[in-house]
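Following: one structure in structure tokens, then a few remarks.
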Amino acid sequence: MGSTWGNNLKLSLFGESHGKGIGIVLDGLPPGVLLDLNHIRKQMQRRAPGRSGTSTTRKETDDFEIISGLFRSKTTGTPLCCLIKNENTRSEDYEKIHNLIRPGHADYTGYVKYKGFNDFRGGGHFSGRLTAPLVFAGAVAMQILLKKNICVGSHIAEISGIKDKLFDSIDLNNNLFHSLSKKEICTIDDESGVKMKEEIMLAKAMKDSVGGIIETAVINVPAGIGNPFFDSIESRISSMMFSVPAVKGIEFGSGFRLAEMKGSDSNDAFSISDGKVCTFTNHNGGIQGGISNGMPIIFRTVIKATPSIFKKQKTIDIESMKETEIEIHGRHDPCIVPRAVPVTEAAAALAILDILMGKDEI
Amino acid sequence: MGSTWGNNLKLSLFGESHGKGIGIVLDGLPPGVLLDLNHIRKQMQRRAPGRSGTSTTRKETDDFEIISGLFRSKTTGTPLCCLIKNENTRSEDYEKIHNLIRPGHADYTGYVKYKGFNDFRGGGHFSGRLTAPLVFAGAVAMQILLKKNICVGSHIAEISGIKDKLFDSIDLNNNLFHSLSKKEICTIDDESGVKMKEEIMLAKAMKDSVGGIIETAVINVPAGIGNPFFDSIESRISSMMFSVPAVKGIEFGSGFRLAEMKGSDSNDAFSISDGKVCTFTNHNGGIQGGISNGMPIIFRTVIKATPSIFKKQKTIDIESMKETEIEIHGRHDPCIVPRAVPVTEAAAALAILDILMGKDEI
Amino acid sequence: MGSTWGNNLKLSLFGESHGKGIGIVLDGLPPGVLLDLNHIRKQMQRRAPGRSGTSTTRKETDDFEIISGLFRSKTTGTPLCCLIKNENTRSEDYEKIHNLIRPGHADYTGYVKYKGFNDFRGGGHFSGRLTAPLVFAGAVAMQILLKKNICVGSHIAEISGIKDKLFDSIDLNNNLFHSLSKKEICTIDDESGVKMKEEIMLAKAMKDSVGGIIETAVINVPAGIGNPFFDSIESRISSMMFSVPAVKGIEFGSGFRLAEMKGSDSNDAFSISDGKVCTFTNHNGGIQGGISNGMPIIFRTVIKATPSIFKKQKTIDIESMKETEIEIHGRHDPCIVPRAVPVTEAAAALAILDILMGKDEI
Amino acid sequence: MGSTWGNNLKLSLFGESHGKGIGIVLDGLPPGVLLDLNHIRKQMQRRAPGRSGTSTTRKETDDFEIISGLFRSKTTGTPLCCLIKNENTRSEDYEKIHNLIRPGHADYTGYVKYKGFNDFRGGGHFSGRLTAPLVFAGAVAMQILLKKNICVGSHIAEISGIKDKLFDSIDLNNNLFHSLSKKEICTIDDESGVKMKEEIMLAKAMKDSVGGIIETAVINVPAGIGNPFFDSIESRISSMMFSVPAVKGIEFGSGFRLAEMKGSDSNDAFSISDGKVCTFTNHNGGIQGGISNGMPIIFRTVIKATPSIFKKQKTIDIESMKETEIEIHGRHDPCIVPRAVPVTEAAAALAILDILMGKDEI
């Protein structure tokens, strides 16, 4: 398995990059939610390829079709299926090289797991293209969360060593998230964004690619949501975030910096403000004991450099089991981070909605 | 919920720090496994408190009783229940202060989630003590994995800024893991261990605490294990690791360093050695597309500084909803990292065993 | 939720009777299975409406499209999505009466659960039409089971008081199942079939409908498959069978007749035949302690009479909350039992495959 | 697996008949529920052996110990673990015959599944004794349901051909359930109970055993609870009921009698009474489309005759793989039905509570 997720809102993801289509089924949505299809399209366009020099030139409209679960523009409460047809595929690029394992991709692991039967074209089911239905689902989740005043936003915290300000240094609100979402390189500090773009274009010129870090915040999550142990907020968000191809690390609050902090610093002392409990600092990223404390939930995910590069690479031929070299052609992103930003928002929204729906009440 | 985990091997964790006992049920173990109870005890003693100056003086034998699932020293295949009775509890320490929210703990979030009904003594169900049954379960999992030649080991990669060598710089094998497991401060480089201990004792003297990073490796996992997307190895391991109290971040392979690496570096080019596929480097930590590639699975988790410190801290009284101060007494670890090492091994072993049992075969 | 099922093979069912389409996602299929699309089509045609006087005149080709998970005619091992577009819908029949709750249907319960937002046309997601993707999925499962020599077959045991022979009185084999599958009224004893058809036509003439009982057998299931307690074979099969609309009861082996039998009769004494363990009788339907014993797994499900009848019925108007009467028009089956036969086979195959894939082995 | 259940309230059952103990973990209970331990004890005593001539003479107090999840007499919201120690076991009875497969038991299927490693003494994990923790858990569920005015009751509908009145012929309320619970043979019609007892004593005298049917009702379940398809109320209740050893069939509402009913009869026409929607009849057992309609949820389960009989039976020796005979000694129930009554109530309560906790709301 692997393509089904959720304790309360069940997701079922399907499709391959160069097959007939890709999509997702969402089971467990509340009924009667008026879906804003324009908002969904906007989120999907932020992820779609071919919008700028920093991304692949493969153009896809990513037009989605809602097959079920929507009636008179509102959710029915029964499973919502979204289908995105594949277009503009150039499978022949892959047919030629399909015995050559592309380094950094899932070509080898997929070959072993599926005994050579998986659809290898464009990465098949492993393709980053599968994040399109995730963004669709996340946009639906964001609309439901917004009714509870819960907002999700992300920015690029780092690309190839160039860093942006972090969320804990500024005031978080939906306007900020909205303005971030409109930027090509969505940084808080525009100057950092300019430098990041330069790094990306430089890597592109060198037939190489770069990675980065995305920071995500979820605000207005009420205190008391989540669980100790296996269904902790961190467990649920991380299980979802590591579903996103290329994510190799996640840290909450001050994350790995906590290794150098004293308890007296990292404890986030409590205070009361306007009759509400809050903490002076937020080194725990809004989560204690796996449960929300009402402060912003903040985490960072690291995205490795796009594996598809035009440089010649050492690899193997899986049929002959011999060492060889590969030169990848086709259309690829020199940096996937800008397009991954809406994906992290989607993943965060889905995780928080699933947790929120699991209130142990009768 | 939150205390039940597993796709193929189901864990059910129960108990509170100062209640009658704590324990775990493992459902789905293979039958006929001869359990080495001494190995289990050794792993549990590595986690047990009161063994050295770096840990709390609360002494517990952590004697476990196997209630079911073991017959004539072998697993029956039906649920194995392990019970650990609580002893040497000093609940009165907690009764006095139970309106005062301890910063950094789950006191506030637990209070909100459970509406004040949870057992607050010693953190109740949120207590780090609940990792004892996890270590029990992990030791069982390690014995089963060892039959497939799969070994798990950990070392302390950092405490309070003092760093050890990393696993990718040395040869990984079970002897190394075994020798690491015998050290009080289990570092590869003993000198680093001495300095780390000094940092811990310094923090203790200052009535404060320190955090750190643990690195874990699982070797000899066959290629082709795991899943794309939601049940990726990273998703499963992270969902388990974030169940361990105080863990706030996890990174696989080169992790957050990937943000500064080019694709040509991070791709892990393939080669063939002794007729087996392997990679020259292991920046992906043995996992591509959520599936094992046969290289060591390597990850690091950050553990925040122990929240219980003897310094006076600002906090609130949850009944009166007023700001106040708290001074924590009792027995606490100035650094939980050394005791967390076997916990990360247990968590890794449980995650890998669960994944391994989920082979999609009939 | 409700439309997601499976421990090892995950099903995700979607769609509404009069929406754009219906379908199913199967996650966890073994890779490399060559699918016989003709066999799938045949099974689906057995369920399809409009084939004979005993069923509705709504004609649907039930042409399915495989969106993903099939590559070069073989399963890829990644999610297989099947989409069936809706055609020949007459939604206006439903628009007129949608405030009038149809007795025997899920109109009222769906209205309450989904707060009036569910798609009411043709029963929406509750429609028996949703069994078409189940039959698709079941046919895939049957093909995989057949590789292990496991076969599934059903016959109509009773319609409106007219009874067929039962499976325990004859020799069970795949040829029998094959010949049964070709009959319009698939009874072992053809004479019973003729009488059943008369009963159906009589009910139709009276603007009424009739129910019946279907008996299903799964042969060659190896001994030792299944689980004690919650994942017993009976638990898994029944949870799947009660997913089929109109099923209101299930019994295994001698079922309700066991209430009048002595232990010395119902115990199924063991013997050895050709070196294999078997039982003289099969009152337990091939299952003991939730686990297969190698004998045929046999169960019967009762299907209530089609709720849509042309007779005038008492009911309520859900908007005005007043009592009223309803006269249902449109196209309906006077007896759904013949079309439900392949559905029970599909459900049995899916349950057995899911159980078989859950062998606790590593 | 097999011993873990629940979508919203997770149960984890453990233990063997002649091991150290048996028990259950309940994860997901609401916090703050004051548990009435006397009520729990009463329910468990109804199930306990040794109370009358119709049951085994093995006496067990079934004293339970709550290990966790209860603080100051109220549920904490964290996992509640109940442990029942085994006493008065006569394992030597089983040691002697453990190569001889007892007909009607899970001896053979357990042997195959667990490769001979399962604890065979007294049936091990398959023992009916494992229903004691289920009754404990069910009593907890009943107390929570009662706060919503939801009540569960059962009576013996048939033993060995002797029938009681059915629930649909009388008025259902908690007083009735309460008075039924106090009877040794809990029938509505006391005369039937007397005759049933005679049948049981007759079977006992003949060294044989008898089976029967139990009818269960759950009243005051609000309309709109449950799900279409795989998590239908029928699917959830049946998956739980078939967990109870010896249950071989279940029918809802008019069940198998629906095979002889016309749609105009079985449709349960709607009416309005006191401003509330109800149906004139209840042939659907309170469930339509898998969802409650507000009418009593009614179902019947058939319990096969106790497999342990003192008559000589044909069987096999599993080690020598030869046919032989077995004469079972020890202490056994000539009819398990009276003791199974509280088990069906427990199972119903657990299923309904789990469903109720799964309301798709945020």
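Lettered A, B, C and D in written order, each chain numbered from 1.
Going forward, a residue touches a chain if its C-beta (ideal position, glycine included) is under 8 Å from a C-beta of that chain, and two chains touch if they have at least 3 such contacts.
Not measured: the values here are computed from a predicted model.
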| item | value |
| --- | --- |
| Number of steps on the shortest touching-chain route linking chain A and chain C | 1 |
| Chain of greatest Cα-centre distance to chain A | D |
| Euclidean distance of C-alpha centroids - chain A vs chain B, Å | 26 |
| Length of the line joining the C-alpha centres of chain B and chain D, rounded to whole Å | 39 |
| For chain B paired with chain C, centre-to-centre distance based on mean C-alpha positions, whole Å | 46 |
| Multi-chain contact sites of chain A, meaning residues that touch two or more partners | 1-4, 8, 13, 28, 31, 77-78, 113, 125, 228, 358, 360 |
| Residue numbers on chain D that touch chain B, as the complex places them | 1-4, 8-10, 12-16, 19-23, 25, 27-28, 31-32, 65-69, 71, 74-81, 83, 113-119, 124-125 |
| Partner chain B, residues of chain A touching it in the complex | 1-5, 7, 11, 13, 101, 103-106, 108-110, 112-113, 125-126, 130, 158-161, 203, 206, 208-213, 223-232, 234-236, 238-240, 242-243, 245, 247-256, 258-272, 275, 277, 279-280, 283-285, 287-293, 302-309, 311, 313-316, 321-323, 358, 360 |
